[in-house]
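Scrolling down, you'll hit the structures one after another.
Two complexes come next, and they have one chain in common, subunit A, joined by subunit B in the first and subunit C in the second.
What follows is the complex of A and B.
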């Protein structure tokens, strides 16, 4: 418990330092609970998520950093490796490939990389995965773009 | 005419089965990865209750008894071991056993030998590892806690200081999950740093073992807890 708190404090300081270096990620700690964080990440360019801002919720376990943080999308996203209803993310480093060498910041970077490079062979969103697996890139992109526009962009007017 | 077309044929029985099937499918989709992980850790906990990280001393004959009806080659090997060792300790087979057993026997060795020069040698090497990791681009805060815990254990087995510990205490600490896991992570960082530093040497072995890049190998097979150590890890660790 004490170790995870100390580590999160160090990450908090690091996040303040890195703010300028990584403008695509805005990581914020809950005011009253250092085990709860949220992040705003920008959809990577040249993907259907470009122009969107996606919110992530982090829940950090007491055994952190030996155990991975739990992360899910709060913003709806159409992506093969993100559960369409719950926002749960299928990413190896959040499961069995986790190691303390990762940080909340680098997890955000890994999620941005996953957005740009979906892995349709291990889908949590089967509809999305099937579109890509059947080679319907256009279909996938237009669905993903539509949900980016509906859920991840500021409403006009 | 219009009305008739819009009407859906009502077949209550069939409809109810479709609903059930849909409900079950939904049930499965609600079965999340976190549930799988929780189940996995529950299984590990059951194992934990049976085997401590480091077991009590057992005579070598207890091992020989287990293999009595097994391979005669193994029995011969146990015979060879018995010329040098009187007893064994079992460790928990959770993928970290190489590091855990090494940690215990190394600290026990320092405890018994009180070899100051060896402790100094290791401390110098640990500092080198720290520099290696920094040079590889690791942030200090990702590994420093593990490093300082290891140094703390190393210093505590040397007698005559305020923080010195007894042999019993060494066993207690080696069985303590947080101490043991932190030292395992220290070893994993050291191993990973060493493999990356000498990546040209390790590359062909890693290709033979897993068909991945050095970077990928360290990320998926060295740094995560519970990943078993193979000859690459062991060579790097002692290198």
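What follows is the complex of A and C.
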């Protein structure tokens, strides 16, 4: 338990230092609980998520880093590997391919990569997966873009 | 051919007295038995009991082979064996097919062993990627795969994995590294913090030999005896653990041959599914055909009489006259399943009848078996009385042998009913055989079953006789009968198994039904595995010596008076010779029930 705390503290310091280095990711630790984190990530360019800012919630187990953190989207997103209602993410490194060498920062990077390269063959969001699998890339992109505009962009006016 | 067989065996049935009255037939049978090529000489038991103590010795041979072939260190050999489920042949096959690299990477054995350069950096510090601390190198550990983390993080990782039950495949912590960690390092690191967990880890590793290995299984005894059984070659067999538990190695249920595992599973499920009350009534009582009161059978033969005075047959429940012998009731025969019933009732009813027919017979025989096992006590007393008497009769092994033969055949007989239920039920084998074909086979099988049944009942009758009060001549006569019937039932059992294996199951296309072969000595007792190899060779030598002495010590005159059934000619003489040598007390005779041995 102490190990996880120490490690998270290290990560916290690392994040403070790297904040400028990676402008796409903004990791924030909960004021009162080091096991709760939130992150703001920018939608990668040349994807329907471009221009959006997505909020992630991290819940870190006491066995961390030997066990993976639980991550979910707080911002609604239309993506085949994200549950439309709960924001749950289907990503191998958050399940069985987890390695203790990963950090919260690198998990964010992996999620950004997942946004750019969806895997429609293991969908949590079937509608989105089916659009991609049937080859309707335009349909998928317009849906994703619409939800990005609705949920992930500051309201105009 | 089948028809002819039927006729001839039916003929034999008519002449069943032939065996009993003819003294010579015994000798014939003995000779036949000896010349029978099917009869293998008694050899060392092929199944082994693996105890907690001998578990390491049991896997050493496999480990040695892999270590020698691939020039590996012990823990890598174990990793390979665990991955390939202790199938050494499989490892060799993968090696030939895919090469060493694939063989290793698939199992998570690192190909390069990099033990260089470690000493040179021992003074400097390095950062552990897990806890992100800068630590001196002597607090870091590098695995065979080349990844280096601090001891603390490794230890935590191992503890988590061991507690998750993953002891046998703890992988490196680095991303996408599938190498299995060195067991010695795991043990050392975990031992420093949780010695009991390190012990647990060791046990898990050792027990992989049992749990990841299809030729080794835990003995299913309850409470668990702590032993495992290893078989050679054939997993379709029945074994007896040193704790006395007998079981089918394939499905770990009670020994159920000649029923196949699939059939047995269906049968036990079916018996459980029937509602409790219906079950209790069909199992324990029969309605009297006259007054319809439920009647319970508490012993004796199959002719039961109700308190209202009506006599009826326990097997079919039909009213009968009072004239009967032990094995049949005058003018009454019900061992066969009658087709005419079928025509009258609709399908559901027919199925129920059918089930009850087989279940009742199955139950009748298992019940008889239970009642007869109480005979052991009385037989012991009777023999004690006779031995106390001053007479020429000295050897009473025929009684215990006969009793054992009775148990053995009764078992086979009772399990043959669930077998017949599924074999001829038309559900399992609809696509495999035509109706006519099946019918012919059914007749063939039922003939054999009936013959066996008749002889088993006769044997039971003679063994239950109060012969301790009889004159010597009369005892001699009973002795002849018991010996004679023992031989016959043994032969009939074997024939029935052969019929099932070759004529019935052997002709099927899909081989999902396998049965353990018949052993007239009964279920094979697994022998204890010696803890060291030296002990084993020593034992073998001892046995050799024993056999030498016994061959000399057997006298011809022992033979006719000695053994109850032919199957132990070799063994019973062996037993006697051992007694002369003073070994008799400590040696087990496969042929006797366990408690009889204890008494000896």
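Definition applied: the second predicted complex is superposed on the first by the 157 of 157 C-alpha atoms of A that agree within 3 Å, B and C clash if a C-alpha of one lies under 4 Å from a C-alpha of the other, contacts with A are read in each partner's own complex, and residues count from 1 in each chain.
Keep in mind that, in the parts below, contacts are C-beta pairs under 8 Å (C-beta built on N, C-alpha and C of every residue); 3 or more make two chains touch, one makes a residue touch a chain.
Small disclaimer: the values here were computed from a predicted structure and weren't measured.
With both complexes brought onto subunit A, simultaneous placement of subunit B and subunit C is prevented by a clash. In the overlay built on the shared chain, the residue A:11 is in contact with subunit B and with subunit C. Judged by the number of subunit A residues each one touches, B leads among subunit B and subunit C. Looking at the shared chain after the overlay, A:3 reaches both subunit B and subunit C. By the touch criterion stated above, A:92 is placed in contact with subunit B alone, subunit C being left untouched. Once the two complexes are overlaid on the shared chain, A:70 sits against subunit B while remaining clear of subunit C.
Of the two partner chains placed by superposition, subunit B and subunit C are both touched by A:101. Within the three-chain superposition, the subunit C stretch that clashes with subunit B turns out to be 170-178, the only such case among 26-34, 80-88 or 170-178.
Residues 3, 6-7, 10-11, 14, 65-66, 93, 97, 99-102 of subunit A lie in contact with subunit B in one complex and with subunit C in the other.
Those residues of subunit A whose C-beta lies close enough to touch subunit B in the complex are 3, 6-7, 10-11, 14, 65-66, 70, 83, 85-86, 88, 90, 92-93, 95-103. The touching residues of subunit A, counted against subunit C in their complex, run 3, 6-7, 10-11, 14, 63, 65-67, 93, 97, 99-102.
Only residues 129-133, 152-153, 156-157, 160, 173-177 of subunit C touch subunit A when the two sit together in their complex.
On subunit B, the positions that touch subunit A within their shared complex are 29, 32-34, 37, 138-139, 141-143, 145-146, 178, 181-182, 185, 188-189, 192, 219-220, 223-226.
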